[in-house]
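To keep things clear, I will list the structure first and then write my remarks on it.
Chain nomenclature is as follows: A, B, C and D, assigned in order of appearance, with residue numbering initiated at 1 for each chain independently.
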């Protein structure tokens, strides 16, 4: 059995990757993926917590979080489509009509 | 003269006004109970004239029937005069029980905190209120007479003078309203029973002086002169105000009755410090200097002649300028050590005398070169007032050194000179006004024929009806005026037996007396006024000769004639007053009466003849040999040297065939006998130039102000807009800059937002870690 | 209601009517709306006059007869039955007047109809006059409110109609001026708000206190507490609160160096706005200072007397000097207001009943005179379309009434005796001499400076035309014929002129109550502070 | 279940909104038979049910009812009803849901004019000109979007309301996500302009990162405590010896998520873009309801969980700093903003700063129960009245948006001439935002400052006899109050600028505004309520309500 701390550690790494990706990548789809990674880091923590504390809650939380992530991706893609339809770009650096 | 008969009809309107006092007398009322009428009636009348005049401006009835308010003003002043005479009569017959009436009401009541060494508490006594009451003594009685009498007469004069000048059309209501307002100030100041109200009325006079000097407001010179007069006197007034504050702090009251009761005891029984009191009195004196146009605040008076001539006559010669003298005269109880005054204030008297002496001499010198008839009179006024100041200064010194008797004599003499001078100078100004008026009319008459009005305007401006160089030989054309002016000049010069002689003699004599009795510092003023006596003889004679004697220097003199009926009457009345009144009063002991040494005007138990001989003997042959010489020198200078010098330069007989009334005619012929001396060299000298420029005082003041106050004010305005407000604006503009900067942070790229939030989060963690570590 | 609780009526009725006249035409059908707009002006004037009548009746009937020497601090007349407004935080509707506030209430009630009269022909009168009516309610509210929350509410509420008056009816630069006016004074008063809240925090948990906070805003109770055990423990905090209050009040007065909003606001404001601004709004500062800061923190006041002296003196002298450098008539008059307001601080700084009474009378007298000045300046703007002093000469010929009022107003303002301003000046100066001695030379010199700028400005506008029949008309007239003021301007100015004379000759009408109140105020409030601070003459 | 009546109404309404417009004459042919069974869903829509105005009607009715019942929930006695261990319905949560529903109701009313339904729209025919055809197509599109919009709006409401009731941290997050995800779409719903999609995208991306961070933080907390029930967390926190890094970091990361919701610096950067890009009613919802949601979350986590019984909370300094930076940043940035919506967004940032400052004062641990309650009342009161004037201001912009655009200051020019009543209302809103008495904004700001002063003013040394020693001795919390008032003063600049252009400038078009009766009435009502809740019995009533709610917190 893998110790909960290892799982949580993986979570830290994933969260870091996700966060760094979120602000370093221009492509909105990639950023969306990074967000997914961050959410997965949280899922790992829930799982680790469930293991550590021996409660089921963590598993449930993780399952629901996955559902949230799915919804988020769906909504995200839809919104990005609408961005694309008006500005023909999904680069976050180029969609800057709104600023200052 | 049908026209003038119609004019006199207007006087019917005066009857209701003049009937009031007789009615009250019949009702058995007391004059002091009704003294408020003197001030109140003009107070009610002046807004009526102003507003009615503005509403019915140019309306036929208003112009012709009411003389644009002149008749109403005359009525009000007539009522004041009658009430004043009633009061004076009562005083002269029943005093001293009438000395003063208590304050009928408290105008301002209040409390003051005092410190008793341990703590503060509301003062139990003293410092409680200001009121307004009536205060009568010989001084105020004399001034009341001068004020009411001259106000009435000069108003009478003005009705003729002002309403016949086309330039005043539709603005005379302004004149009369302001004139009446002025009379409120003068009457009130004379009657008020405390220093505060004295100051209040004093300021009202200042206002009217301003308004009336600026009567021809469109003229730059008039507006400038008005401003100058107001501001210069304001400087004095402010010091006067400080003096009042100090007096109030010392005595806890400004009521004459309280203060004069025991001048050496202050509020709460404190002993009055001579140094403090002297400072207070000096402050008051600065106020007096401003009002009476003494050096160094004298610059406004000559310019004040921009006002209409009746104004010059009343305000700037006969009444308002006396306010300063009145104020100094009121200081006597403080310094009179024989009657409980505070010792150790000799310097006050010396300062007053020196200021007087300097001004007297300086003004007389400047008067030498003036060609404007009113300017000569203005400087003469200044000089004569300075005489009185010198006398009062000597009196203050004598009182303070314990020499009560001599002090009282010179004090009385000074006040008597005030009276004589007011009468004479009022008349002189009216006479000069008569001359100016008629010359002006003659000029208009000459230039009107066939001219269109535009040209008229131009010539109107070029011609100076006041310049004596345009006159000469008017004696035959204007007999009444010439005589009046002659008598007035004589009085001012101090020709023996005529009004001013009696008082001037006393002033000069007693100033020298004070010098002989220890006031070494008074030598200067004594010499100065002695010299001035001779100079007065010169410039007054010069004025008269230039105007009335010799041959006409301008064609228009031919067309001059005394036509206006309202003008002559006051001249005649005042001529009599000047010629005989001064002598008469001197005989009746005016000097003793005015110095409060005697309770009544009387012959002191002698017969009239005895008293006349006594007075004459006393004047010409005083017992003190030193004073006898002084007296003779005075007479020599004033009577002989001055006029003869003037006659040598300016005198001349009338043109062949012209006739004036006998005395005048004789005088002009006499002046012609001294030949004519050419003084062109002297007239072109630097000294003459300096005198023409009024010894550069005006330039000096203006220069200083222009170089200090004006840039300073501009700097202050700049400072306020750019530094104080600039700081606020800086906050605003810096905020705006900051705002633009901070908005740049919002780049529009979501990546940056995330990055910034991440950095923010990290720094927050670092911070928390730091705080907790 | 009017007889039972007149103060509430005169506060709320104008606000209610004003709001109704503003809002109803917007929501009513067109014909009724037009009718409403037509009657808005007379209706406003009617209510304003009614309020003036009520106030005068109160004075004649009752207030004038009270012996204010026996009225203790915290006792007010015409107090209403308190109404709880915000139970949670202890706010109640309590109104009352005493000799400090009543003259101000009367002044407001008098000035409102006068300023309406002067601006009788204002554009969009159906909005203008109701706004002035709202202003009246707010101003009266400031003076009668005895609950600091309500006081503050009215205090700030006065800004809103004034802001709109300047913004909509103002001059060319009204945008900047209205913003500055609002922000400047608002900023100052939020400091005051902090001060009030600290005071609030220290009030005792009595029956008045809010259910949520346990404190209350009741001024009477605060005064009592301050007089008893002291409202705030610790001199440091007391001083701090005092300074916070001072910031708010001094800015409103305004005192140098926080005065610069005033000239801008005045120059741009419409005539009625300037009149009310100078006539009443400035007095709010002095009133509040005495009512709150001095009453509740007498010791701090005594400690900070030098500061008051400094502020008052610099306002008086500095503003007067700045006046001399102005070329805009209204701006000059505005600075002269600053200068005159300096005397109020000086009067209070003397710590003499006489000085405080003088300061009160200054508030009152300036409240009559300065509206006249601004009415005159406004008439210049109205009829000559310019306020530049140098742009015209000899106007007296074309506008004799205007020139007359100008002359009168200017003279009244420079402290001519027998006019209302003189009484204030002389009394403050007497008290000033007693306390500060030769320092009086500065206010005294200011009297000269005041004369200089007033006389000079008059010289350059109404005099010196150079020709008896034509003045030098300003370019801004564009060849139009110069006219005199209209009948309603004239009437309004005449009222002010008459009152200036009335209170100059018979100052005791209000002076007596002010003086008695000041003595009582001194005895009850400041004298202990003076003794405890060991102040010696 | 009747305690959840408002939420039930919303759920039912969502279902109805999905179903009802689709009711038609569709028939289902049973396979292999010819029997056609009418199933009523699909086919040719019935005239009555396919009316494009119907969804709006449903949502407005639903929100009204929900608001109504929520209100009774507030007034009811404050004993909580626990549901499933994750929901606690009490007067506090009802108060908040009341506020949420009110805001959403107004947004729904406004959206009615923003997304006009055109029952008359039809498919273009061949003889129609190209322009006409395009217009017709757009009308049809608008009609289609009605349902989506209102469903999303109701979802937002549902999420927010559940969030206010959550007694479990995870459930709270889920509810927040529900509301947030719906609101992302609402922002992107503004398709008339190119910026709508962009605003949605940015808001979505930044928001998702923030919530991902928050969820990660929550997972750390779970790792630490093993339970996410608030009471359990509070107990764990109180029992914690020293500070467990997991708990502290988890708390910190959650603050990021909430900070984004309340738009606190430095997480607020996307907010102005989102507000400016969204349609005004939506922006109004973001600025009021969404912000209130964030604050409720903050209150729950900070005060319920992470507040020690005595002494300073670990987050005190942090929050105080954030508060000051937030309010200053917001006000400063709003100062020169030329876009009214952006300006209101920045102003909303500033208001978040004020509330954070009040919250920070509680965190200082100087106050007692009553002062804490006072601050809470202040914050909730402020959140409630924000709906009046902040949303009101957005509604005015929405009114302008109906026929034009409202993203330039020029669009407001001369509004007073075009529509005095609306301009007057806007003026009142602006003054209230600035905190000018006697408006509601003043009272709420006063309560907050008062709370701060109440907490801190007593801390100064009483022995200090001069100002400087006293100022040195007083707790720094006091200066938060000064910061708030200074910022209020600064904020006047831009609030008054709105008033200025409305009264001062000449309008670009002199046409009177469109008579959007309900919207206009709403605006005027809000203005009136802003006044009524500022002083007097109205304010008294609301305060009592809030106090009642806070006592259940």
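The rule is simple: contacts are C-beta pairs under 8 Å (C-beta built on N, C-alpha and C of every residue); 3 or more make two chains touch, one makes a residue touch a chain.
From a predicted model like this one, the values you see are computed outputs, not experimental measurements.
Q: Would you mind telling me which chain pair, B-D or C-D, is linked by more contacting C-beta pairs?
A: C-D
Q: Which chain is in the middle, if each chain's centre is the mean of its C-alpha atoms?
A: C
Q: What whole-Å value do you get for the distance between chain B and chain D if each is reduced to the mean of its CA atoms?
A: Computed value for the inter-centroid distance: 80 Å.
Q: So how far apart, in whole Å, are chain C and chain D when each is placed at the average of its C-alpha atoms?
A: Once rounded, the distance between the two centres reads 43 Å.
Q: Could you please state the distance in Å, as a whole number, between where the Cα atoms of chain A are centred and where those of chain D are centred?
A: Centre separation, chain A to chain D: 25 Å.
Q: In whole angstrom, how far does the Cα centroid of chain A sit from the Cα centroid of chain C?
A: So the centroids are 64 Å from each other.
Q: Residues of chain D touching 2+ other chains?
A: In chain D, 201-202, 205, 209, 213, 272-273, 493 touch at least two other chains.
Q: Give the residues of chain B that touch two or more other chains, as numbers and ranges in rising order.
A: Residues 743, 746, 748, 750, 752, 754.
Q: What is the complete set of touching chain pairs?
A: Chains touch in the following pairs: A-B, A-D, B-C, B-D, C-D.
Q: Within the complex, which stretch of chain D touches chain B?
A: 201-202, 205-206, 209-210, 213, 243, 248-249, 252-253, 256, 260, 265-267, 269-270, 272-273, 314-315, 317-318, 321-322, 329, 332-337, 490, 493
Q: Hey, which residues of chain D end up touching chain C in the complex?
A: Residues in contact with chain C: 370, 373-374, 377, 416, 420-421, 424, 431, 434, 436-438, 442-443, 446-447, 449-450, 453-454, 457-458, 460-471, 473-474, 481-482, 485-486, 488-489, 492-493, 496-497, 499-500, 503-504, 535-537, 539-540, 543-544, 547.
Q: Using the touch definition up top, name the residues of chain C that touch chain B in the complex.
A: Going by the criterion above, the answer is residues 180, 184, 256-257, 259-260, 318, 321-326, 335, 351-354, 357, 394, 396-397, 400-401, 404, 407, 411, 416-418, 422-423, 426-427, 429-434, 440-441, 444-445, 447-448, 451-452, 455-456, 459, 462-468, 471, 507-508, 511-512, 515, 518-519, 522-523, 527, 530-531, 535-537.
Q: Please output the residues of chain D touching chain A within their complex, sorted ascending.
A: Where chain D meets chain A, its residues are 170, 174, 177, 181, 184-185, 188, 191, 194-202, 204-205, 208-209, 212-213, 215-216, 218-220, 222-223, 226-228, 272-273, 276-277.
Q: Taking the touch rule as given, give the residues of chain B at its contact with chain D in the complex, in rising order.
A: Answer in residue numbers: 732, 735-736, 738-740, 742-743, 745-746, 748, 750, 752-754, 756-757, 759-761, 764-765, 767-768, 771-772.
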